[in-house]
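In this document, chain identifiers A, B, C and D correspond to the written order of the chains, with residue numbering beginning at 1 in each.
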Amino acid sequence: MEKLYFASDYMEGAHPAVLDALVKSNYVSTPGYGEDDFCLRAKEKILAACECPEGEVHFLVGGTQTNSTIIDALLTSYQGVISPVGGHIAAHEAGAVELFGHKVITLPAENGKITASQIDAYCTDYNNDGNREHLVMPKMAYISQPTEYGTIYSLKELKEISEVCRKNDIYLFVDGARLAYALAAPENDVTLPDLAKYCDVFYIGGTKCGALFGEAVVIPKKGLIPHFFTIIKQHGALLAKGRLLGVQYDALFTDGLYEKLGAPAMKAAEEICACLKRLGYVMPYPTPTNQIFFAIDNDKLPSLAEKVVYAFVEKYDETRTLIRFATAWSSTDEKTKALIKVLEG
Amino acid sequence: MEKLYFASDYMEGAHPAVLDALVKSNYVSTPGYGEDDFCLRAKEKILAACECPEGEVHFLVGGTQTNSTIIDALLTSYQGVISPVGGHIAAHEAGAVELFGHKVITLPAENGKITASQIDAYCTDYNNDGNREHLVMPKMAYISQPTEYGTIYSLKELKEISEVCRKNDIYLFVDGARLAYALAAPENDVTLPDLAKYCDVFYIGGTKCGALFGEAVVIPKKGLIPHFFTIIKQHGALLAKGRLLGVQYDALFTDGLYEKLGAPAMKAAEEICACLKRLGYVMPYPTPTNQIFFAIDNDKLPSLAEKVVYAFVEKYDETRTLIRFATAWSSTDEKTKALIKVLEG
Amino acid sequence: MEKLYFASDYMEGAHPAVLDALVKSNYVSTPGYGEDDFCLRAKEKILAACECPEGEVHFLVGGTQTNSTIIDALLTSYQGVISPVGGHIAAHEAGAVELFGHKVITLPAENGKITASQIDAYCTDYNNDGNREHLVMPKMAYISQPTEYGTIYSLKELKEISEVCRKNDIYLFVDGARLAYALAAPENDVTLPDLAKYCDVFYIGGTKCGALFGEAVVIPKKGLIPHFFTIIKQHGALLAKGRLLGVQYDALFTDGLYEKLGAPAMKAAEEICACLKRLGYVMPYPTPTNQIFFAIDNDKLPSLAEKVVYAFVEKYDETRTLIRFATAWSSTDEKTKALIKVLEG
Amino acid sequence: MEKLYFASDYMEGAHPAVLDALVKSNYVSTPGYGEDDFCLRAKEKILAACECPEGEVHFLVGGTQTNSTIIDALLTSYQGVISPVGGHIAAHEAGAVELFGHKVITLPAENGKITASQIDAYCTDYNNDGNREHLVMPKMAYISQPTEYGTIYSLKELKEISEVCRKNDIYLFVDGARLAYALAAPENDVTLPDLAKYCDVFYIGGTKCGALFGEAVVIPKKGLIPHFFTIIKQHGALLAKGRLLGVQYDALFTDGLYEKLGAPAMKAAEEICACLKRLGYVMPYPTPTNQIFFAIDNDKLPSLAEKVVYAFVEKYDETRTLIRFATAWSSTDEKTKALIKVLEG
């Protein structure tokens, strides 16, 4: 029997609509570096979906690359970025932000989230510190929607964070590597236009959300980053055949596909959660999106691993391990049932 | 009438065999980050083609990224890389090598090439300089095969360069972004096994040679760069769905496709060159590969631009401009004929 | 009345013996960059004092510069340095370590100190993490002797830390910016030879310990950092008139001056602590060296500030502020008495 | 007999007036980091001498450090600095500018100088290049006064360079590491107020001009570099006992000392040049300042080296070597005569 892949949301290729668009456009000749009509059209669709027609869109290839490029583009050498302690840039990027010279300032997080008042307190302390000219200046807040723990910020929380960022004159940057799964979450109330309204920059993840690869960076206020094209090039993040990103995002933003893409993941997650709850597993984080964290007895892991590919998170206690299942746009009832059968033993 | 695209060799999507492989594998589940069977298989095929089964292969996404990542991986802070003055890292990467802290030491080039004796002289001067501890230490030589001017190094030249690099204890790094076109050139005598034998690191270009994207880095001596995976990750060059690179290179290295891929480009280039010669155009660089440089009267450019997409190179003299045509794996007789018709007016 | 300076230990110029040596040598001609006899002699004396005649000494100008240069010299791009959360590199250097691309990995500290078992646990977790190739690799532990809180590591603690560093193959780097005050502390049992025995690199602070400026980096195992001279130059840390450092350290290491230098600071600190205790002030950190931290009512600060220059540390609680007094090699009974008089109101 | 030191202009300590000021102020207590009255007074005097009372002055420690810190402070990642090919930042700083991520764009130089029209042509070519977004953007011109070859820019040349820099919206930065010797040169017509009028930033060298160390950076337009203090700190260039710089520059700018300081160097250089000319030596660069370059037979070098410390420059031809003598503020008739005697054999 083939293994069931639930380790992450990038285990398969592209959504059929995306693949189809790539195949159809394959022999068309276009200019390189994203200066083609596919990109132009995709950008217009994205800006329309975000209700900020005056904004800018740039396409990059992957998440870590997008994070470090944006952060380096907006911060000067002595400025740092505030992040939840488990934020992707703080914990999982091998020091990509530091490579470009910037400190990641970590704040304690609850379920992967930080609050407006934490950010405000940090900035206030900095501003009140008589030695602040010897310190790293906080100049950006970085959050993920959904977070690395599958949780989401509510609109109220996002607005509050946006307000303290503007009050303290720091940028708000939202990492949307898994944004489709936040948008598809029943309890979510943060829309694309909300993100455009409350952030200085955010991105709409493609790699984990139905594309082969790609992240669409939205800058609601045009011109925020002068010469961003050159910055992308210098940071090794410019795709020569840039139209591949345009073709994919064009497909993702046709007929509202992106907003619907996460639905199968939600359905699968809900059923898996219900099963885990039924079986009495501890799930330390609430799971409104497609990531499911639960503690499992160490001695059950080998037999699980024979049938299911999951992600190791950390030691939970002496006898248990915290692991993660991720559902995806590609989740099917069949696969979900097979997983539940495995879990039920 | 649609325009004829001759501006570069990345104007279309993927070679049919590559596209086909991507489509076929689209719904297969695999681990991420290149730890999948497609990548494993592709690496084995590449090492076999290079006749260095003990080597290592790593897949990155694009050329500038590959150059700056490799250079930063091999050099320490005070070490620089020797490059021809028109080398891609010196001239066209927006300072990507410097971004990671390294100086590009440029040597005068002839038709885009530098010689063994130039490299040797530079290293000797450095070693004899009593103030050398105040200087950037040369620690790598960077050349491109074919060069940015379409020329190629002969096996004799490559061997000589390799020898002086080893004598001076510096790395030899060959940028093969367009390697398929060197391999397909009738006058070429440098094979993949030669590159593996004489270089410390080189890459086999995919982006310009039939893949959607991708560069396959070959390190003939395993272990040369410890933790290169982490370095790739930190430099934003790690593809989450790494298997996409494996799938493409698997196709490119099946049945010797990569070595044959450039043939249509060679045929087209030959015919276009013959036409240009016939029409009396000045072609400053010899064109053994797929890039054709020629000087054209400024007043002829607007009408050419209406029908053909070409690349501007530089002002040639008061009345003429140097421009470039690039043929590709996707060149067809039909397109070539159409271009010749345009040129003949 | 002139103010009493107790804000830090670099409020005056040089120790009389150091100043005298600078004056005496002023018109002597020597080569630059530390290649002179003064430096040679000073290095020999330092290595003798450290009982590691086979080691190396390098002179740099200031503390932040020395920290970031050493760290960048020893770590490669994806490697980070473990530091107590309040360590100078983590908290007071405006991001100097990150500027050169390295992450500072902070561990919770008690009185400014971290333990061997904390370091071991961090390394063990890293080594056991299946995703460690996506993480910053810990490759150095940084501690200060004395710490930024005036506390000191015992020989037993230093040995334990050294052992776990060697076990985990990471460097141990000791910041000795205030080392003279640790050496002079009655409870101290860590000698210069101990530091040479248990560290990979450490420095003997001059700026805060009687020199005009200067930090003497000791590398017990010669050759640990190839081309360190060039690295110092590139990092902007090479003094043209390098002999100034040699002259000063020659004086500091003549007749055991450096080890005795802190005595006046210890005497003054003891008397001030006794007074503060008598007056009932809260002193959150033990003070074996020359830094005295205590909480003072906010409403007492303005009148104190009229007479004494102190260092603000942080808000202690709603009504009190934590401040610091630092005594120094230049402390005198007269100044101490004057301060005590002010405190006693 | 003791050797005659003519290798450089930093072979001795400080000018008597500077040394005296350091000795006198040694036991005064002041705040650190340049926030003291000595610095305040020195800054005022410098701005008065530059006739730009509204400007800013910052003190750093050495030349390479000052160059790389200023360049990194003013340029963003993809911007480069134009320099003569033999400029100090291009040739003698071990890659310090690249360490912080910036490309040094070299232009061919005559006697160490570049012209306004060269700078203008480079910027114009950049602006006209259709691919300029793939290139390093020129954003600063760096020149030295005097140059590394001892030559000087005339006021007319400086004005022209300033005009093209403003026209092309790039900064003009003048490295004045040896400025005292330009100011003292009989043929010089560029004053401190001229530098303040025509540059965006320049510095008044101390290390080579009578101070123990130190470079005074003048920013005529206040606020050009926000948070420059923090940048200096982060780059390891902030002196803890900052007042040492203030004390020295206060002395150097009392009674016009700095402008007179170079006189003994000029006198000595004139006499040595006359002697060399008389003896028929080839002197490839004109010597209006304190550096004298001449070609000497290789077989004469060993006996010269027994008596004189000189600087090796480069191989001149098969039988001769180019070497340099530098005179200084500390030159004396006695030493000059002794050198002439040696030369006359």
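Operating definition for what follows: a residue touches a chain if its C-beta (ideal position, glycine included) is under 8 Å from a C-beta of that chain, and two chains touch if they have at least 3 such contacts.
Remember, it's a predicted structure, so these values are computed and weren't measured experimentally.
Engineer: Could you tell me which chains make contact with chain B and chain C both?
Structural biologist: Per touch definition, common to chain B and chain C: A, D.
Engineer: Among the chains, which one keeps its Cα centre farthest from the Cα centre of chain B?
Structural biologist: So the chain farthest away from chain B turns out to be C.
Engineer: Could you please state the distance in Å, as a whole number, between where the Cα atoms of chain A are centred and where those of chain B are centred?
Structural biologist: 33
Engineer: Distance between chain A and chain D based on Cα centroids, please, to the nearest Å.
Structural biologist: Once rounded, the distance between the two centres reads 50 Å.
Engineer: Roughly how far is chain B from chain D, going centre to centre by Cα mean, in whole Å?
Structural biologist: Computed from C-alpha means, the inter-chain centre distance equals 42 Å.
Engineer: List, in ascending order, every residue of chain C touching at least 2 other chains.
Structural biologist: 77-78, 93-95, 99-101, 133-135, 230, 233-234 - these are the residues of chain C that touch more than one other chain.
Engineer: Going by the contact rule at the top, pick out the chain A residues touching chain B in the complex.
Structural biologist: Residues of chain A touching chain B: 2-3, 5, 7-8, 10-14, 19, 22-23, 25-32, 61-66, 68-69, 93-96, 99-100, 207-208, 212-213, 230, 233-241, 244, 309, 330.
Engineer: Of all residues in chain C, which touch chain A in the complex?
Structural biologist: 77-78, 80, 91-95, 98-104, 130-131, 133-136, 312
Engineer: Which of the residues in chain B end up touching chain C in this complex?
Structural biologist: 72, 76-78, 100-101, 133-135, 137, 227, 229-231, 233-234
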